[in-house]
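Right, I'll just put the structure down here and ask away after.
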Amino acid sequence: MCRFLAYHGDPVYLDELVCAPTHSLVHQSLHAAEAKTETNGDGFGIGWYGERPEPGLYREVRPAWSDENLRSLSRQIRARTFFAHVRASTGTSTTRANCHPFAHGRHLFMHNGQIGGYGRIKRRLEALIPDALYESRQGSTDSEALFLLALANGVERDPVGAMAETLATVRGLMRQAGIDEPLRFTAILTDGEGLTAYRWACDGRPPSLYWRETASGLVVVSEPIDGRRDGWNVVPKGATLVARAGEATRLIEPDAAGRRFAATLAA
Amino acid sequence: MCRFLAYHGDPVYLDELVCAPTHSLVHQSLHAAEAKTETNGDGFGIGWYGERPEPGLYREVRPAWSDENLRSLSRQIRARTFFAHVRASTGTSTTRANCHPFAHGRHLFMHNGQIGGYGRIKRRLEALIPDALYESRQGSTDSEALFLLALANGVERDPVGAMAETLATVRGLMRQAGIDEPLRFTAILTDGEGLTAYRWACDGRPPSLYWRETASGLVVVSEPIDGRRDGWNVVPKGATLVARAGEATRLIEPDAAGRRFAATLAA
Amino acid sequence: MCRFLAYHGDPVYLDELVCAPTHSLVHQSLHAAEAKTETNGDGFGIGWYGERPEPGLYREVRPAWSDENLRSLSRQIRARTFFAHVRASTGTSTTRANCHPFAHGRHLFMHNGQIGGYGRIKRRLEALIPDALYESRQGSTDSEALFLLALANGVERDPVGAMAETLATVRGLMRQAGIDEPLRFTAILTDGEGLTAYRWACDGRPPSLYWRETASGLVVVSEPIDGRRDGWNVVPKGATLVARAGEATRLIEPDAAGRRFAATLAA
Amino acid sequence: MCRFLAYHGDPVYLDELVCAPTHSLVHQSLHAAEAKTETNGDGFGIGWYGERPEPGLYREVRPAWSDENLRSLSRQIRARTFFAHVRASTGTSTTRANCHPFAHGRHLFMHNGQIGGYGRIKRRLEALIPDALYESRQGSTDSEALFLLALANGVERDPVGAMAETLATVRGLMRQAGIDEPLRFTAILTDGEGLTAYRWACDGRPPSLYWRETASGLVVVSEPIDGRRDGWNVVPKGATLVARAGEATRLIEPDAAGRRFAATLAA
């Protein structure tokens, strides 16, 4: 389990959300309150959209709480859209390439959850990724493999449908392999111009996800960064939160998420 | 606050004490039970005596819990005397040079505690270290400075008296600077042929220290590595534990530690 | 291109070969003489056989020349068989998991060379690795994939034949993909009880490989560690060097390497 | 010896100077042409002025040539003033705290050179730094000690005079200690609003320093980043280059640098 934060709105300095609040993400790296693991010290990452079309990326293997570079970068960088993630490994090694967010072209992706029994389907799952995307695989996590498969399925054009299809494929592989452990998928995708946040699990126990709209923009978090629940909205289990520049943020409830997503949930 | 472990006796593999037990030091790096900080993830180190007169040293900035090298080395290395330490920084940066144990010639030293208000006396304390030893200073911790000053005071020949003198000097600097924060010093020193373990604090609240004699040798720990207190002896506050090859392990109680040590305690 | 060293014989301290000589492997990390790249600063690793059946492993992302841990470990560790490798990346990222040697059970493997156009056959090559071995893949290098495929082909039982078969398979994938870049494979495999050293390339230009028998044992190197060529034997292009405890070291010339190896060479 | 680059002018992306040119600083980390050491792989750092009064800082222990974070940050960050430095250690360990540039308040400082025989005067030099500045010492390099001493001498107000005084003090300590090795000091200081670049050595052999004014601003480098010397001006030995926003860049020749500087040179 990990902890993460995403922002989309008027440009703000990263440290206003990542470092400064009482229960900031950096604080959560040492003392998460709602996670299975209190410590999220197996590396971290930030991704942000500045003046370039593609995002910037800073990922490190150290714990976030002691990283001087993170503190300095978060004070300097202002962005209209950014991701931050502190990692608690579920088994893969602590390398930069295994730290979230993952970047591909204009997209960033980060994940909190796990493909149960991943080792038993890893090879078959990876073999589904087309060569052109496979070449860009840098690490060994289930999360990066999911992202590349989702890209292959067209997640840039159809963030909800293509992700549902991707998860359905993974569930299929898990069933074939007789895996009982659950697939849990709380995740966020962005192209810099909007966010899609997913909260889904095949056993009805996806990691927590909250959101709030402030005067400057939308904040989506694993757990409230002020340590209080009031003022924060829960993304319901099975739901998807969609934010686009110039549109109202909306929740797609499980039963409205379309044919493929419903099929996945039913599976 | 940190957690540490020392062993002296018949050669054993490090992992028998460092990695394998229920509440091993590696486990304590993530979940310490008796420490002010539960997480000790700001680097770690091991030091051991093999076939060379001087000790080997492996120190890393990553948390101990995720370090593959530590796991492999602990399975391979057998030693008659070794130290292991997991660090929770009290402010200095996470570098190898700031990780314990510190080595000098045939000696190893590690510390759990803090010189209160260190920043205000750092320069004057360091200026007391003779040039020959000063040149070997690699990091910026109070612990390394204490060790070098103790070496200057002859701690190789007189582990109890010279350390008492060193602490008395530090206390003097603290008083001159009007520092109210305490000096806490739970620490172990070795030349490979014996151990001297100190548990002292000017406010009567030194970090915990336990010891046990097993069939193979003496184990000294910040907290029991089996997660149970029975079978472990507490080193009393203000006392020093002394073990030498071929001699019975003995406790020097505060009032028997000699003139200089008593003077330090009284100060 | 990388530089490596292997030893097999009476136990010696690693630093006698890895750090101390004029043109030691650590020196080669900064100033290689016969390599395409003079600097081999993209991580390093050592693997050795001590008292356990499986080897110890220490791999780091820093350059070998500045690593204090490597210096200390090399002074402390004595082994009858050991590998050391300094890495110059051909594109994959600098992570511990991408550093050689690679360990599996009782085996160690290290490689100097490259699968040309690897990105274009990576997915198909990896899909040939059986699930049981695939799960243990930690990094993203062509070298580790080659090793796992060789294990699948039975390289533990038949070091020459199974490796030839493995390379033939890779060459087949390269031809299918229309890859013109060469496959170059200078590598060493050990189970701790002997060495098999390969020097092969489909374009007749495998990286250099030398060997020498000293009073204590066999040394195999990318380039002479004393900076002189006399006293060192060249492993001929296409040949394999085989050393087993209690047997004379022998060279299998290309035309004697058996049917499958010849077929590979002919391909 | 190290290599560095400084820029001051209209905002530009860092990668235009740090990564992109033929003989960029990142290229120089692997293949410096005019340095005593070709490889500058002992860590690196960048410092820049964005929208905050104090500079941002990113320092890492890996070689610059393989650092993905550096590539990404250099593509994202635009600054009107920035420093970049690739390090070749002269003995101190490879930690972030020993990487240049060093930051203090609004100032950045970086150095290429060495205090000869530093170990023999380290303690006395450091003892001259006032407590308030001493507390902010993080590493163990001679360069950081020089910077803190210069700050104590008022280098913010008088960049040329206070630095001359600082070097005179160091030369005095060296003479007292009977040190024959030279003091070499090619360095740059900035408060974000201007640059002061020094090229001085007591043996007349300071590391190289070049400058050029482009359409967008002033570039100061250890060696030309286009691999050609034409178009670049040499900062003469003993001279100081001064650039302030709104003023013409000017060279202070050795004999015009004022009383204290001349005294230092004469010493």
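Here the chain labels run A, B, C and D in written order, and each chain numbers its own residues starting at 1.
Criterion: a contact is a pair of C-beta atoms (placed from the backbone, for glycine too) under 8 Å apart; a residue touches a chain by one contact, two chains touch by 3 or more.
Protein names from UniProt, one per chain: A, B, C, D = Gamma-glutamyl-hercynylcysteine sulfoxide hydrolase.
Quick caveat: nothing in here was measured; it's all calculated off a predicted structure.
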{"item": "Those chains which touch chain D and also touch chain A", "value": "B, C"}
{"item": "Same-residue or different-residue interface between chain A and chain B, half as cut-off", "value": "same"}
{"item": "Comparison of C-D and B-C (more C-beta pairs in contact)", "value": "B-C"}
{"item": "Intercentroid distance (Cα basis), chain D paired with chain C, Å", "value": "41"}
{"item": "Touching two or more other chains - residue numbers and ranges from chain A", "value": "68, 93, 96"}
{"item": "Touch-based graph of the chains, sorted into line, ring, star, complete or other", "value": "complete"}
{"item": "Interfacial residue positions of chain B with respect to chain A in the complex", "value": "30, 38-39, 41-42, 61-63, 65-66, 68, 89, 93-94"}
{"item": "Chain C-touching residues of chain B, taken from the complex the two chains share", "value": "48, 50-52, 56-60, 68-69, 72-73, 75-78, 96"}
{"item": "Chain D residues touching chain B - in the complex, by the definition given at the top", "value": "92-93, 95-97, 119-120, 122-123, 126-127, 129, 131, 134-135, 137-140"}
